[in-house]
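Mind having a look at this structure? Questions to follow.
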Amino acid sequence: MSGSSIGLLFRLCNFGESHGAAIGGMVEGCPAGLPLNEADIQVELDRRRPGQSQFTTQRREADHVRILSGVFEGVTTGTPIGLLIENTDQRSRDYEAIRNLFRPGHADYTYLQKYGMRDYRGGGRASARETAVRVAGGAIAKKLLRTGGVEVRGALVAMGEVVIDRNRWDWQQVGQNPFFTPDAQSVPRFEALIEEIRKRGDSVGALLEVEAIGVPAGWGEPVFDRLDADLAKAVMSINAVKGVEIGAGFAAARGYGSGMADEMVPGSDGGVAFTSNHAGGILGGISSGQPIVVRLAVKPTSSIRIPRQTVNVQGEACQVVTEGRHDPCVGIRAVPVAEAMVALTLADHWLRQRSREKMVLTVSSGL
Amino acid sequence: MSGSSIGLLFRLCNFGESHGAAIGGMVEGCPAGLPLNEADIQVELDRRRPGQSQFTTQRREADHVRILSGVFEGVTTGTPIGLLIENTDQRSRDYEAIRNLFRPGHADYTYLQKYGMRDYRGGGRASARETAVRVAGGAIAKKLLRTGGVEVRGALVAMGEVVIDRNRWDWQQVGQNPFFTPDAQSVPRFEALIEEIRKRGDSVGALLEVEAIGVPAGWGEPVFDRLDADLAKAVMSINAVKGVEIGAGFAAARGYGSGMADEMVPGSDGGVAFTSNHAGGILGGISSGQPIVVRLAVKPTSSIRIPRQTVNVQGEACQVVTEGRHDPCVGIRAVPVAEAMVALTLADHWLRQRSREKMVLTVSSGL
Amino acid sequence: MSGSSIGLLFRLCNFGESHGAAIGGMVEGCPAGLPLNEADIQVELDRRRPGQSQFTTQRREADHVRILSGVFEGVTTGTPIGLLIENTDQRSRDYEAIRNLFRPGHADYTYLQKYGMRDYRGGGRASARETAVRVAGGAIAKKLLRTGGVEVRGALVAMGEVVIDRNRWDWQQVGQNPFFTPDAQSVPRFEALIEEIRKRGDSVGALLEVEAIGVPAGWGEPVFDRLDADLAKAVMSINAVKGVEIGAGFAAARGYGSGMADEMVPGSDGGVAFTSNHAGGILGGISSGQPIVVRLAVKPTSSIRIPRQTVNVQGEACQVVTEGRHDPCVGIRAVPVAEAMVALTLADHWLRQRSREKMVLTVSSGL
Amino acid sequence: MSGSSIGLLFRLCNFGESHGAAIGGMVEGCPAGLPLNEADIQVELDRRRPGQSQFTTQRREADHVRILSGVFEGVTTGTPIGLLIENTDQRSRDYEAIRNLFRPGHADYTYLQKYGMRDYRGGGRASARETAVRVAGGAIAKKLLRTGGVEVRGALVAMGEVVIDRNRWDWQQVGQNPFFTPDAQSVPRFEALIEEIRKRGDSVGALLEVEAIGVPAGWGEPVFDRLDADLAKAVMSINAVKGVEIGAGFAAARGYGSGMADEMVPGSDGGVAFTSNHAGGILGGISSGQPIVVRLAVKPTSSIRIPRQTVNVQGEACQVVTEGRHDPCVGIRAVPVAEAMVALTLADHWLRQRSREKMVLTVSSGL
């Protein structure tokens, strides 16, 4: 594999470059009988789509998705769901200027070293354009998960040094501002930051948080395919992500066992309840029934107007200034992408757990 | 798969429980011709082995590894390398006390929910005992990587609130103290911390850093199987790890593009040089030739002597106190495990890159 | 995975139904630098395309392929090659008659049992229509293999009881008749058989042979992923194939060791030569350097005009007569499909072998 | 992967050489709660074990299996089941004579070409010794399948030109003669053939048949991972197998559609019944509920006492005579191995089907 597929049972295959004819892929393993149409996917694509607010890139892609297979009379058939998004705004001439040089922080240099050649138009395969396919696949995963009572939702919790106030967290707010922030009062502060960043031709990083609620206990595999390990891979595979943490995350490294253990008490439903969730919903790689909490760090885009020194393909020193249409904070549009990756991972582990659960064991577990 | 194998071409399979007959596994895909004997593996196992200093668990396992196949006349044959470590110190009676309750922060509850039953002896499959097999596999990966000039090495850089001074970083020190710290002056501070923790029956988290030097540009696949994504999965799959970051990591979320871009200049060798390494050696998921830098957060072990409230398998409230032999800081012994996971991931991606590099392309790349 | 991808390193993903919007997929893992355009693929698709002679189905599909990604300035980039073939002749109304019954020998019944629903139009996913995507992927595999001196070619060697004369085998003939037979004198005999079959509304089976020449010794993995095992899977996965054999195949079951051993003699090139090829070019699952020979049995299509008894979805007895446009011998058009599957398998094993060969071993092998 | 693992969800990993320290492996993905002990596995190993009758090799291996993990208090835990069989009768000196030459029909030459070296003792990894691990894994698969009412059983149906009379087929007979023949009257004919073969130092091929009864409709995936395709791979991966067919198999190539279609009639249980089983229980790659029928051709072993010409590692012509302890008909002991491979494949597809069946679809299917 060349790394363009993810998942074992619920699997997304993904092709396409920033300025090629189209991007697309297919979802393998979606169970039969799920009601699905293009609008279900489009609504998620529209959340990620560029050019929607003044705070993101002005590249305009309709990002219109077509379902090519796997759906019959409004429901999935159990066979692969082919997905296609034609590229419509391919202004390749924008990129002639950077054809022969390596943009710092971009994959120009590493792709050339890996392949001996590269599609330099807009970053080619390394462009975040392919994340539209992830969002499309994630939309299907989300719809499937909802049939099991699982909801995946994400938010931006910090941009540069500007951090939201978690006491004002309101999931309703997330869809009502261009930053995906759950804290309404943070909106003007983010606006001001973006304004400042844009003015000086710079970019800024962001911290995102994705939560999955309703996941029952028992998803995830021991040892290598732990649920947290697969989530870490899925999320780290998003362009510009440099860090992932589950639950308390890096704070756990600074803490004590007495404070970090999530104590258990009899639950109101006769089961078990937890008094805290430092574990982020995963114990020993397996979901505990608590909300699953994933945080990710998105670096500032390297496409900035401030001149940076670099070398060209002949190895000569030169300067690069990126004048194209770029997001000052790529972390904003990464929110729906991160949700998609979490949803894809959970859908896969749901199927994995279904394949074996309650298969031969008939003894009651005592709870 | 039940999640007990990792890697596509260089692959580790891993079986065994804490108190079963033995742990072991096999390495698939190791190329033929690599000189290998049991001592090569034992030296790495001895770095992880419990009972070696007063700062780790007093459980005593010889951890003697046998190579059962795949090596002939002192070199690998290209066929699977079978590995076996018999369990010799299985004091199962220690665990009768916790047979019927769920230890907070442990996988007792999630395993029971997943499987409908569990091997309660010492955590069974969820015990960190299985990491010995990872270290064994990692020893082979390290040896293979060395033939390509790649060295993988790890260190503990913080424990709780005690942080090393990076200005005193000396790799030589790592092997000369029980904490794997590269800062000699941090040793007494860590000793004091462990002493204090142990006295009050608590445990503490740790921050580790693993570095791979000598990795050439070009390893890693675009999109999902990015080198950083696979490293994140490999490292997050280690028991008690709650966070992973590459290069600048979470600091990148707080930074600006102008500061985070690693500028490039003509290298002394006619190639390219970087003025910084915020990327941690990976751009677009592909190695850049710079050192690869991975950091991971290890939570404090949940096995502590301070009483915690929990429930038993009947769902009744009760208290748990762990009196067994446990590490006050599991992060210490996680250093060789983290190195192993990084080495296994790199060996796999080396083979993946070899499968296609310079296959049909004959045009010079200009550099 | 839902089974719609094949290959480990050179991998074809395949989506689409007989009467959906489009069929397509992607080739993952093709090395960078291979010259490739749509005409390279179209030429193979045209060999398989229906409606080309009076001896195959009269369904008319342009089968025009688009490359959507992975090719830049005429050469592959190393990233996934997206492939799309729009369905243009979807006369779904032909299939209303069979909407509610199970055609014997078809997958109508098993798909309904598996998925609880089915796309009944033209067989849906079970239709041989998806084999066009295999041929498209196979065209890329063939082109890659040619850079290594490997040629894959197939022929029809028997239809029903009519068998070619192997003494008249001439590969040049294969492209010059509608039956892909290498024996020019068999053409009128096959014509007569098809005429007779068609007249009585029946269908007939066929025996195909695919050969790969130029494969060097060393491709294939021991134990499970033997080259012959992977070829068997690839070929058996083609619609209507009921048997696969390598080299002497089933004749080996009737033979003696003294007759079946391919003796070895010093080769003219200083290497080794074989005096026969009962092994079909594969020993211990690994290619020997001799031609690889695969034979496959294709059953007669179950879509015939002779009434057959069956049941409908209500479980009532009824009769079925298939009046649609069908091939009297599906084995004919299976020739390019079989070539494609052999080529895909070989390309995959070439990359697998490249990943490890001559990696660390420096000792001369004596030959 | 180096090809030593098979299966997606129910997976067998396999290591070990003919004359190494041990052979073994692990079964990943076996559901929790299956009663299992070493005797369950040993009984199958004993069926395959050499040295049991005068008609097989006189090499004596106790083939005593140890379960190292994955079983607790007599039932499987859902975690990997580690398996170990120590090699006890490693008379390596027998093989000094063939150290420097290539035995025709063996993998000596191809292994050396592939790896640049080889473990020449008894065929090393290419020896059929590793099939003991397959039988051990297959024993677990069989036990799991039985909980679902599926039984897998095999028989030898021809040896050389001696064919059983299918009218006398009696499954009870299979376990009561050293040839696994279901036709009691064939026993003296097979004895006579073996006697003759042995006398002249030759070997003979065999035809085997494996049947699985009780498989419900719906197992198998469309397109590439068809149940028949995966069975073909599994069976073709057995040493010395040169051909595989399902149901009518190669006879289908010679037949007509009118004769080959398995007609359907209302079943006595309100479902569907078939009037014949040319399909061998698989339609469109998916099980139909009929018995699954797989036949395989096993070539005569190449280890014979009749001198064969060959070359040595220096490329010089020489003769080889194999004086070791070898089976005159390796097809006999291949019966339990073939059963194991069929059982492993079915167990895997059972889990695959469980992962998605009846997940979201609530509509009644009409049957």
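We call the chains A, B, C and D, going by the order they appear; numbering starts again at 1 in every chain.
Methods note: a contact is a pair of C-beta atoms (placed from the backbone, for glycine too) under 8 Å apart; a residue touches a chain by one contact, two chains touch by 3 or more.
This structure is a prediction, so every number in the text was calculated from the model and none was measured.
Participant: Count the C-beta contact pairs for C-D and for B-D, then tell me which is higher.
Facilitator: When B-D is set beside C-D, the one with more contacts is C-D.
Participant: Quick one: which chain's Cα centre is the longest way from chain C's?
Facilitator: B
Participant: Where the centres are mean C-alpha positions, what is the separation of chain B from chain D, in Å?
Facilitator: The mean C-alpha positions of chain B and chain D differ by 38 Å.
Participant: Centre to centre, by mean C-alpha position, how many angstrom separate chain C and chain D?
Facilitator: Each chain's C-alpha centroid was found; their separation is 25 Å.
Participant: Hey, what residues on chain D touch two or more of the other chains?
Facilitator: 1-5, 8-9, 14, 29, 32-33, 75, 78-79, 114-117, 125, 222, 357, 361, 363
Participant: Could you pull out which chain B residues touch chain A in their complex?
Facilitator: 1-6, 8, 14, 102, 104-107, 109-117, 125-126, 130, 158, 160-161, 197, 202-207, 216-226, 228-237, 239, 242-258, 260-267, 270-272, 275, 278-280, 282-289, 297-304, 306, 308-311, 313-317, 331, 353, 357-358, 361, 363, 365-367
Participant: Give the list of chain A residues in touch with chain D in this complex.
Facilitator: So the residues of chain A in touch with chain D come to 8-9, 29, 31-34, 75, 78-79, 144, 147, 222, 351-352, 354-357, 359-363.
Participant: Quick one: in the complex, what on chain C touches chain A?
Facilitator: Touch list, chain C to chain A: 1-5, 8-9, 11, 13-17, 20-26, 28-30, 32-33, 66-70, 72, 75, 77-82, 84, 114-119, 121, 124-125.
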